[in-house]
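So, here come the structures, one by one.
Across the two complexes that follow, chain A remains constant while its partner is chain B and subsequently chain C.
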Partner chain A sequence: MAEEVIDLGKMTRDFKKEAMKIIPGGGNLDLCLNCGTCAAGCPATGLADLDPRKFLRMILLGLDEEATKSPWVWMCTGCQRCIYACPMQIDIPRLVYNARATWPREERPKGILGSCDMALKNASGSAMGASPDDFIFVVEDVLEEVKDTQPGWDELQAPIDKKGAHFFINQNSREPVTEPDELIPLWKLLHVAGIDWTYGSKGWAGENYCMFLADDKSWEHVTRTSIMQCAELGCKVYLNTE
Partner chain B sequence: MGMNKRKAVYVPFAQTVPLKYTIDRKACLYFQAIDKGKKGKCKACEKFCENDAINFDQTATTVDLNVGSIILAPGFQAFDPSKWDTYQYTNFKNVVTSMDFERILAATGPTEGHLVRPSDKEQPKSIAWFQCVGSRDINRCDNAYCSSVCCMYAVKEAMIAMEHAHDPLEASIFFMDMRTYGKDFEKYYNRAKDDMGMRFIRCRVHSVIENEDKSLKVCYVDEQGNIQNEDYDMVVLSVGLESSASAIELGNKMGIELDKYNFAKTSDLTPVATSKPGIYVAGCFQGPKDIPYSVMEASAAAAAAARDLASARGQLQKIKEFPPERDVSGEETRMGVFVCNCGINIGAVVDVHEVAEYAKTLPNVTYVQENLFSCSQDAQDQLAEMIREHNLNRVVVAACSPRTHEPLFQETMSNAGINKHLFEMANIRDQDSWVHSADHDAATQKAKDLVAMGVAKANLRVALQPIEVPCTKSSMVLGGGPAGMTAALNIADQGFKVYLVEKKDVLGGHGRKLRKAFSGEPVKPYLDDLIKRVNDHENIEVHLGAEPKMVSGFVGNFHTDLTTGASFDHGTVIVAVGADSTKVKEYLYGENPNVMKWWDLDKKIEEDPDSIKQAKCAVAIHCVGSREPDRPYCSKICCAHAIESAIDLKELNPDLDVYMLYRDIRTYGRLEELYQKARSMGILFVRYDPDNKPKVEEVGGKLQVTVTDHVLGRPIVMSPDFITLYTAIAPKGTEELANMLKVTLNQEKFFLEAHMKLRPVEFSTDGMFVCGIAHYPKPLDECIAQAQAAASRAVTVLSKDKVVIEPIVAGFVDKEACRGCGLCVALCPYGAIDIEETPEGRKAKLISASCKGCGICAATCYRHAISINAFNDTQIEAQMHAFLNK
Partner chain C sequence: MRKGFGDPVADDLRFVVKSLVGEENFVEMWPNKSNNYCCGGGGGFLQSGFTEERRAYGQIKLDQILATKADYCIAACHNCHAQIHDLSELSGKHFPVVHLWTLICLSLGILGPNEREYLGDDLKEVNMPEQKE
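Moving on, here comes the complex of A and B:
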């Protein structure tokens, strides 16, 4: 493949045009100086024979299919180190996102796909599939245990669906599902600080694999469920812990 | 700069003028108390100063001046990289800025010129330079422009560091585009790369990690895209140039317009004029630039101001008075020898103290002194003082080149009341420490020899008086392009006659081909106006279709015969003859009509826009004939011109695919904006390697270009409707003119200025000046500024009634020895010798004012009848004896 001549006359560069319409401000894609700072700072450089500079270059030249279909687009962690140092502030992470979105949903990586599907199963939005009832049970159970066994924490709270609380706080599913004790430190901090907060029974899960899957509709659904719960409770601030 | 602690009483920097101490009010105990409203104490400096030079009552004073014109030259400040957390300038000790590094290399710096890394004061074994820190960046800062000078200064710093290091030093420069676009810069870059083994790595480094031993881990990608990790002892951030807050304040106070980067706004057609009439700008406040161009621009600003003030010329003139000259002819020789360290330039190689001690043993030497910088103001004052104190009547300065510094020392001689020709220089820098830096002992020995030879010659020096001749107050300007016409108009506006000589039958030169300046301003109306003003000017006499046939004479007294038969006298010459395009044998040029040179494309844009609107693909190839082994220079204007034209193409036809095949994009200064604009329009830039140039073919009657994409490393192919070649600019026929004018050319046959930095528009031959692309390719704004500068320098000659000629000429004919053979007359290139009939027969007769002191006559005369003042046989023999009999 390396020696195959790239005929620029045949390139439509549709992907670039579409991406620039979607990315806020166009993402400065055309401004690339090929300086290599993105590739030098990228944890995914060299994987699948690609790096951010090469990826963008392919898009600019019009190798839409080859670039967007590379498994590399799923190796990007979205860490933003590229755009952070890029002299032209080129939005490569969002470009990668748009490349992911071109994949048929069923062909996207199983792990991410499965996690997104889990989140769509019930109102929790949890990538691990935990239901609102499961979440409520775990939180209440852990809270009770703390009050019983840890002196001085009689007043500790972990409210769910508390109307009019100032902060609506979400929570990664990993803690309630696999490490319940890890929930406690945050509660204690909030308690000591005297914060008025609440979890929601709906949309309590903070992670959003549908975003990583580049499944816009599902991403919106998961996010909307959570935000609506916050709004319904009349909370002033949505505090995203992810 | 915070690299070292300094006292509350300090000298701002080593070569500050005047070299005087000042008190840091914030650090001074006395003033700290006063400023708190308490009674001040300490005043130790006052107690200890033997000369009672401390004055606590001095305050800033306001001086009112009435002026007719103002020139702003507040300079620049270096970009502060503290806020860039990726490079950790504030936290990692061994990350320094280029300005810090200059101080580390400086003899007067915190390390006294020893190359050491800040963390442990050990000599670094490897140093990395990061280019474009605070330049060409719209993310981490707002300086979208290129700072113009950093590529060259980084190469220079790396070169000096490699030369200074005792052990081999690995120097790597991380860059995006290597911008060595100035005169002779490309050769410097090639030398660093090919001869010195400096590494040039094309990558902008993402971030730096500090290792336990305080060395720095630099992670980058090579051109193939592979991650590379390298440890460096030091990292130097090549920081950009920007306007300081005080410069911005000055600009605002003056009411001049600043551009979006806070540089003074100027037009490409009036490059040193601010938005406010009568206020001019020079140097980096106009935009980032290097020393040669800043110095040139200073003269240009002076020319612009002088034009406004021509009617008031001389009104506030003060004439410098020298003390009467002491007649030393009857005195015993008392010689002073001053040996210079030139910072570390000499001192780091030559044992200056040993040389000074040796000088004390030489005949007639009564006083010897070592200097850090002999050329500094305080060293000059001291030189004069020592002459008086020790009653010296000969002086030898062992330092740098007389080419640059002899006039300075000679003036000091005059200030001390001693004839300036009783002075001699020994060049222990250019001819010794610089070229023998690897062998300190041999270099010290050579310095001693040079000093001994200098002393031997100085012993035989005699007082000489200058020759004064009247000055013809007119100038000849050769070349009727924008540069020539600008120079002519400025001189004429200042009230002097100008003979403007143009080879062609029309004025305008290459200006006629230019559609617009890089700023976008149209050239035609400007040029038409310029031509009209030239033709209408009462002081300008235009000679079209004419070339000089013979130019004779000397500064203030030239005579020229033109090929048209016209002839005239003039006091100065300005060479603005331009340069030309080059022949192309590559890329199917001449074989396929759709392969064009750049002005053909410009013409197409102007005359046939429909063909562009119908085209699908256009390709431009840069560096055609430039930066090649047989033409090792950058033609400087092609990148920006190519990009400007590409933008025009895109504006005419947004659907057109435009590809620029380049080697380095060299849009320096604000021209970088053009490059950014071109990219934002979707113009694609593909970098090719000179070893793997683009392949242009005709396939099925259509053009096809194949080139390797520099990022993907894969071949890409385009089928352009037309290809534009950005061909080199080269001098044409300059050799003949240079011979006629007795001026020099550089290796590539561009006219060579007397000194790149200090005398950028003057020839070594007095009264002759150069501007425009005859000097080196440059864009219109720089041509105009340079023409103003040349005019300014010419007027310094024309504005005086007399010309003073140095008496280093054939000074004497031994009438008894002379046989009147006429050999000298035949050989003198300046027509400065005649044969006269005398009662004793035919004898040679000198015309001293025409003589340039070349010495051909003296060297040829088998009778030794002619000698050159200050270079006679006896003196030269004494030098040889001093060397051989040591």
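Moving on, here comes the complex of A and C:
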């Protein structure tokens, strides 16, 4: 950080002003006691030479660039432990989210960016880019195999786009794409419990890296696609397995 | 457990896990519930490219798990599973990290032979359902 004295009068504190507009109740930002409880219990403390207390203090001082452009904003997981521990309930992860959003989209971490872009490629919303047809193929294939090889599961179902099913259930892409056998235990449990459920051909993927990317528009698009499929099928409950 | 849902959900999950493994086989880690630490798999960290930092973040979780001396770690979330599995392998301890669905099906006796990837050798053959010839 700079060696010279910080002239507080020159600071615009734009980031703080914007954040306080968005956060419900203004986020209590001005109530920080500087006690350090948040930093003491944050696993990201010390990474990239920052911690939640320092991050907040920098923003309160108006060191917007230094705070928001630190790679640390990608190392806070948003776990909310700091809010829980903070005597003033200050929502630091929300500030971190806003800081992520100030990065030009193409400069945000490639892995997260790529996963979000994959999800925008087709109607699946999958961070691994699997299309609705890929998903349907894998589910049907795995289901057939269970019926062929395991006795007692002739009635096992893995419905896709079943109209009027009670539960609309989404699915992390990791199973259908990299370890399809891991899909089976959930289907079995739902079957044994007599649950009326369905996947959607659209919006079946449970993960949403656009949210981690702090790309609100894309986040909404991915979520909306999934919710709309649930609504179109007339399902009663949207069950997010993520 | 996601702190957003609070301790009642953590209690529900304890009911499930204790029903599966038996009260006496469930080891609580410390601190726990809302006071617990995040493993470091969330928020996009796994895809962020900051691998070294992600593992440094996860060190607290690894220490917490090892301190329980439990044979298995259950991760009910995908990101947690991937992160804790990575921590387990990297630490050289190789403790199994299992999904909740695996344990539920195992205890119901309906976990098929190909659905046992994450079980340790001690449970690989346990409660195996009948196979078709």
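By our rule, the second predicted complex is superposed on the first by the 240 of 242 C-alpha atoms of A that agree within 3 Å, B and C clash if a C-alpha of one lies under 4 Å from a C-alpha of the other, contacts with A are read in each partner's own complex, and residues count from 1 in each chain.
Simple rule for what comes next: contacts are C-beta pairs under 8 Å (C-beta built on N, C-alpha and C of every residue); 3 or more make two chains touch, one makes a residue touch a chain.
Please read all numbers here as calculations on a predicted model, not as lab measurements.
Participant: Touching A:Leu8, do we find chain B (first), chain C (second), both, or neither?
Facilitator: First partner only, chain B.
Participant: Give one of first, second, both or neither to describe whether A:Val237 is in contact with chain B, with chain C, with both, or with none.
Facilitator: After superposition on chain A, A:Val237 lies in contact with neither partner.
Participant: In the superposed arrangement, does A:Lys110 touch chain B (first), chain C (second), both or neither?
Facilitator: Second partner only.
Participant: Counting residues of chain A touched by each partner, does chain B or chain C come out ahead?
Facilitator: Higher number of touched chain A residues: C.
Participant: Once chain A of both complexes is superposed, is A:Cys86 in touch with chain B (first), chain C (second), both, or neither?
Facilitator: First partner only, chain B.
Participant: With both complexes overlaid on chain A, does A:Leu47 touch chain B (first), chain C (second), both or neither?
Facilitator: The second partner, chain C, only.
Participant: For A:Met228 in the superposed arrangement: first (chain B), second (chain C), both or neither?
Facilitator: In the superposition, A:Met228 touches no partner, neither chain B nor chain C.
Participant: Contact-wise, after the overlay, does A:Ile184 reach chain B, chain C, both or neither (first, second, both, neither)?
Facilitator: It touches chain C, and chain B stays clear.
Participant: Please identify the positions on chain A that touch both chain B and chain C, taking each partner from its own complex.
Facilitator: The overlap between the chain B and chain C interfaces on chain A comprises residues 41, 46, 81, 83-85.
Participant: Over in the complex, which chain B residues touch chain A? Could you list them?
Facilitator: By the definition above, chain B touches chain A via 86, 132, 136-140, 176, 202-207, 219-221, 225-227, 616-617, 657, 659, 676, 679-682, 684-685, 687, 706, 709-719.
Participant: Which of the residues in chain C come into contact with chain A in the complex?
Facilitator: Interface residues on chain C, with respect to chain A: 3-4, 34-38, 40-50, 53-54, 56-61, 77-78, 82, 99, 101-102, 104-105, 108, 110-112, 114-115, 117, 129-132.
Participant: Show me the residue ranges of chain A that touch chain B in the complex, using the header's touch definition.
Facilitator: Residue list for chain A touching chain B: 2-9, 30-41, 45-46, 51, 53-54, 57-58, 60-61, 81, 83-89.
Participant: Residue numbers of chain A touching chain C in their complex, please.
Facilitator: Residues 41, 43-44, 46-48, 71, 74-81, 83-85, 109-112, 114-115, 127, 146, 148-152, 172, 174, 179, 181-182, 184-186, 188-189, 192, 207, 209, 212-213, 242 of chain A touch chain C in their complex.
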